[in-house]
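Worksheet for the structure shown next.
A, B, C and D label the chains in the order they appear, each numbered from 1.
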Amino acid sequence: MLGRTAVTRGSLSVADEVGLYLELYRRMVLIRQFEDLVNALFLQGQVHGTTHLCSGQEAVAVGVTSVLDPADRVAGTYRGHGHALALGLDPQRLLDELLGRETGICAGRAGSMNVVDLEHGLMGCFGIVGGSIAAATGAGLALRGTGNVAVAFFGDGATNQGYFFECLNFAKVMNLPVVYVCENNGYGEYTPFTAVTAGSIIARPLAMEIPSQTLDGNDLWVVRAAARQAVETARRGDGPSFIEALTYRFVGHSRSDPGKYRPEGELDRWRLKDPLAVGRRRLVEEHRVPESEVESIVEDVRTELDRVRQKGLAAPFPKPDASAREFKDG
Amino acid sequence: MLGRTAVTRGSLSVADEVGLYLELYRRMVLIRQFEDLVNALFLQGQVHGTTHLCSGQEAVAVGVTSVLDPADRVAGTYRGHGHALALGLDPQRLLDELLGRETGICAGRAGSMNVVDLEHGLMGCFGIVGGSIAAATGAGLALRGTGNVAVAFFGDGATNQGYFFECLNFAKVMNLPVVYVCENNGYGEYTPFTAVTAGSIIARPLAMEIPSQTLDGNDLWVVRAAARQAVETARRGDGPSFIEALTYRFVGHSRSDPGKYRPEGELDRWRLKDPLAVGRRRLVEEHRVPESEVESIVEDVRTELDRVRQKGLAAPFPKPDASAREFKDG
Amino acid sequence: MAEIEFRRAIRDALDEELARDESVIFFGEDVAKAGGVFAVTPGLWEKYPDRVLDTPISELALAGAAFGSAVCGKRPVFEIMFGDFLPLTMDSLVNQSAKYWYISNEQASIPLVVRSAIGAGGRFGAIHSQTPISWFLGVPGLKIVCPATPADAKGLLKSAIRDPNPVLFLEHKRLYGLKGEVNGDLTPIGKGAVVREGDDITVVGAMKSVHDALAAAGKLVEHSVEAEVIDLRTLRPMDIDLVLESVAKTSRLVVVEEGPRTGGWAAEVVARVSEAALDQLDDIWRITTADAPIPYSPTLEDAFLPAPDVIVESILAHRRK
Amino acid sequence: MAEIEFRRAIRDALDEELARDESVIFFGEDVAKAGGVFAVTPGLWEKYPDRVLDTPISELALAGAAFGSAVCGKRPVFEIMFGDFLPLTMDSLVNQSAKYWYISNEQASIPLVVRSAIGAGGRFGAIHSQTPISWFLGVPGLKIVCPATPADAKGLLKSAIRDPNPVLFLEHKRLYGLKGEVNGDLTPIGKGAVVREGDDITVVGAMKSVHDALAAAGKLVEHSVEAEVIDLRTLRPMDIDLVLESVAKTSRLVVVEEGPRTGGWAAEVVARVSEAALDQLDDIWRITTADAPIPYSPTLEDAFLPAPDVIVESILAHRRK
């Protein structure tokens, strides 16, 4: 949760700001490399079932969470490794979870799609499309009047779910401190969102008079600025806000994605807007960070994840006889 | 279904038009008096459980259904006697249903909230708030390309249900011939819709780029004109439309309504806009119908319903041993 | 001790728990200003205006809001006006609330209560009269509580609100006007009660069926049958030991369930008892409604329900066989 | 006869029924252009572009659209990608489709089919692995169909599409790759099948559990136990007569259900058999999963499921007792 409180409130000196952006950049790199690692381990049969990677969408999770306090609450999706790592979940504990090990954040019970880490403010990663919206709305109900906020991440596809509409209306009429963050990556699975979504996404929250903005979700700086505004609105007691972050996933929807739905050249065009490339450029050009310093971040993360990988693969599997208790005792 | 086809398509001579409006006025009177009768029978313990009367909202049901063809399909609500009678359901069979008699339209199985009359195009009256929206959306899916349309009636409260949003989006992206008619009577049970609804209702379909209008739901002429336009859009293959008809119920939500939620004077103000009074005025002033002719309609309906009441009360109750078949045979 | 109505017992439980614990919140459609469509919750909003809330007609959002607020330390109680509307909430209850304790590896549990009015006999027709138990009985992690008396309504609702797990709390509409003594004790979740002793047959019921079973037991005396009547009070977890104890004595078990025959909780009772005590059993069966929707017409609805006479007849017929 | 995969059998059934009957429509999320996330429905959209449709992620609207179109004469088949998402559709299935035939006084029935991939063993975790049967078993008016073989997958799906009633058609994910001979006959809904004969014990299963039961039966031979294995194939209506016939011979019944212990279909089988054949029974019990969500980790998930060895062990333990 390093730097989160410092970052959120009050203004920063320039040195602080560079340090901050370097840290946020590091988180984006961590997420990207983590996803690459998961993919490799999946292909080796070490990560099981299915996984939904967020490569290409890192700036949204990192930008939004960068303005949060430790007592804020976040609900992510089945495409949630980025949400979790951005919040500060130990990559070791996340990887171990995906490897099905006892040392995983949920002891191997949850797996990729259902990660929970309350210590870092992550209410959960929700496998039901739209479920994260409900979770954050409820958190907003609990946080009314505290100055803390709840954040929901969800995709463009989720904006056609009953959860989306019912909860946005609920949050607005109850004036709840919730920030709804739509990661519009252009597709719900293999279907372009334009084919299944009437009108624009942002028109929907606007119809409910929820302050809303559509923005470049691949630019950390842009996301962070918008998120700060939305979060401040919520902290002030002025109710929910909506952010539509335009982004793109560089990988398949899940491990079994045929991929044939992408129009020719689309992926390449988005590659030019890779949030890591954008971040590196801004760090070097605007913040005057030496290329070598950026490069060393990439290397450090690589070293870190290599260790994580080895340790994870050596970790024990949970013992089945440790049987589950259906209920918490009164 | 008298006059429905004639009315819908092609233009009418003036004589026809007066005859038509007299018939539509008669239906409004029938609905009002029917509801009064149901109320009286409820208080006598002859109508059971609960009832939801639509007194004051007659012009919406009658106006909209007046532009429909026999092969069009309508989904009403638990406040559905008006929807049913407007479509031409025999008041005897409707009353018998509410009295729980074997001669009822559903043989006493359904009761007030669940009336079905496919012969007259009534898919059902749906007891789940928002259920009618789903039914009509599905009907629209079946009617694609046939030139026929489906109509959903529902209340202001239903516009906060997942059904509403999911189905409107579904109908729009599938370009279905559906007309969504929101009877905005200001309240969902005892709660003013403004207290639980973010933004205006009409903003919601508009956000989905569904052609929409808000109008005076107590003026039959206004409702009919808007409905015709929406229905023609659907028949042409140009997709769904939305109508928000502003109206008011002169009675409680259901039999057990405390009624204390109405601000002082509100009911009286709406009484001035009673759809029957508006209708009578327009018939007399614009269509030059003699007062006495209008009055005789009222009297005729009274006589008719008196007969209906007597016959209904004399009808047999269903025999329990006529046991239900769980499934239709293959 | 004064007698109070079942609905009042529920109100009192809410009132006392709202007073006792600031983290309790209560919301639903028309529960606050109007005091509930069954007049169960009048006066609470006036006392706790920030914690008793009227909501939009958005059942799924209600369930989701309860879940999310429970994750964040609240003890939400929410009302789904009729049990028939519970399917609209089901995704959140089943996939969010009921699983959280397990999949989070016990990081947190979800202390929510969903109250709902259920049951037939009021001429409300097929979609306002159902007993929603079978839909939820197979959901691990969700408790199902079913009081039959004002005392248990209060005692169980208080226990449910204090319980760290999600609880489905069902209120039979035909019991709202029932009066009874209420001493204010907590009733433990998961414990049934023998409400009438007898040696000849064990009759297990819940909610309104307990009263029907007691009425039947009264009539059976004329036929020299002494029935032991058990009120299960909670269906998940189920106090099967109490039933087994009774069956050890009577060797005969009939389970009375107001709900469709197939897939109900009575099947679970019969299954558990058959598995555990096959040797001791001379007879075992269910009395339920037919596998059909609930009819509206009084003649149909009355014949549809397992009234005392139906129970008497069934028990006598089984004795004859 | 050529062997084909289970998933292919389903595709063929859809293809043939779409070809045979213009009123059949098929829709769901990514079922058309992409051919389904389990690669079950490739090529159908190309053949029937107007009747095979990709939809928004709006499960409730899907179910509602199926209901409404069925009222108007279509025979909709729709896919809910994972059975775990069925709660989102439940209001429409339960309160609209399943009740229509009855409350309309038989004016019309609702000939819809909802297909859904279910079951554990694929490391999909707690919210993509469930067996949704208990949620729907107690819903009068809804058929529940559960094929175990490619032949039945095809034969039952064709029957389901032609059936005038709403049908929940469940496809176990671990069977999609199973190969078998398919002759194209319709399999009647409501009829089980004895898939292995034996005199010592009756083992009842459905879907994947049928194969587990058969594997167990093979191993039990070494222990001088000849198990009769019944594939129920349909859970509602349930072919209890077939089970009773077998139990009349074996006197012992074990029901294997992949699903939580409490409130499942196995309880219904045990209840019906106990009610009808108490005298004939020497032993009766269920083998199910625990009352807990389905774990992700391979070691946990494997131990969680009623694998052949678990069945063997349980049967041997019961023989010893």
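Just so it is clear, a contact is a pair of C-beta atoms (placed from the backbone, for glycine too) under 8 Å apart; a residue touches a chain by one contact, two chains touch by 3 or more.
All values reported here derive from a predicted model rather than from experimental measurement.
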Quiz item: Which chains contact both chain A and chain D?
Solution: B, C
Quiz prompt | chain B to chain D, fewest steps along touching chains | solution = 1
Practice problem: Work out the mean Cα position per chain and let me know which chain is farthest from chain B. | Solution: A
Self-check item: Centroid spacing, where centroids are CA-atom means, of chain B and chain C in whole angstrom
Solution: 36
Practice problem: With chain centres taken as the means of their Cα atoms, state the distance from chain A to chain B in Å. | Solution: 47
Quiz item: Which integer distance in Å separates the CA centroid of chain C from that of chain D?
Solution: 29
Quiz prompt | chain A-chain C separation of Cα centroids, rounded to whole Å | solution = 41
Quiz prompt | Multi-chain contact sites of chain D, meaning residues that touch two or more partners | solution = 55-56, 58, 60, 84-85, 88, 91, 95, 102-103, 125-127, 140-141, 290-293
Self-check item: chain B: positions in contact with at least two other chains
Solution: 107, 109-110, 114, 127-128, 160-163, 166, 169, 173, 195-197, 324, 326
Practice problem: Could you tell me which shape the graph of touching chains takes: line, ring, star, complete or other? | Solution: complete
Self-check item: List of chain B residues in touch with chain C within their complex
Solution: 48-50, 100-101, 104, 107-114, 127-130, 157-158, 160-162, 188-191, 195-197, 256, 258, 261, 317-321, 323-324, 326
Quiz prompt | chain C residues within the chain D interface of the complex | solution = 84-85, 87-88, 90-91, 93-95, 98-99, 102-103, 125-127, 133-141, 236, 238, 259-260, 262-268, 270-271, 274-275, 278, 281-286, 290-293
Exercise. Provide the residue numbers of chain A that touch chain C in the complex, in ascending order.
Key: 73, 75, 105-107, 109-110, 114, 116-119, 123-124, 126-128, 131, 133-143, 150, 162-163, 166-167, 169-170, 173-174, 324-330
Quiz prompt | Residue ranges of chain D in contact with chain A within the complex | solution = 29-30, 33-34, 37, 54-60, 84-85, 88, 122-128, 290-293, 295-300, 302-304
Quiz item: Any idea which chain D residues touch chain B in the complex?
Solution: 25, 53, 55-56, 58, 60-74, 76, 91-92, 95-96, 100-109, 140-141, 143, 159, 162-165, 189, 237
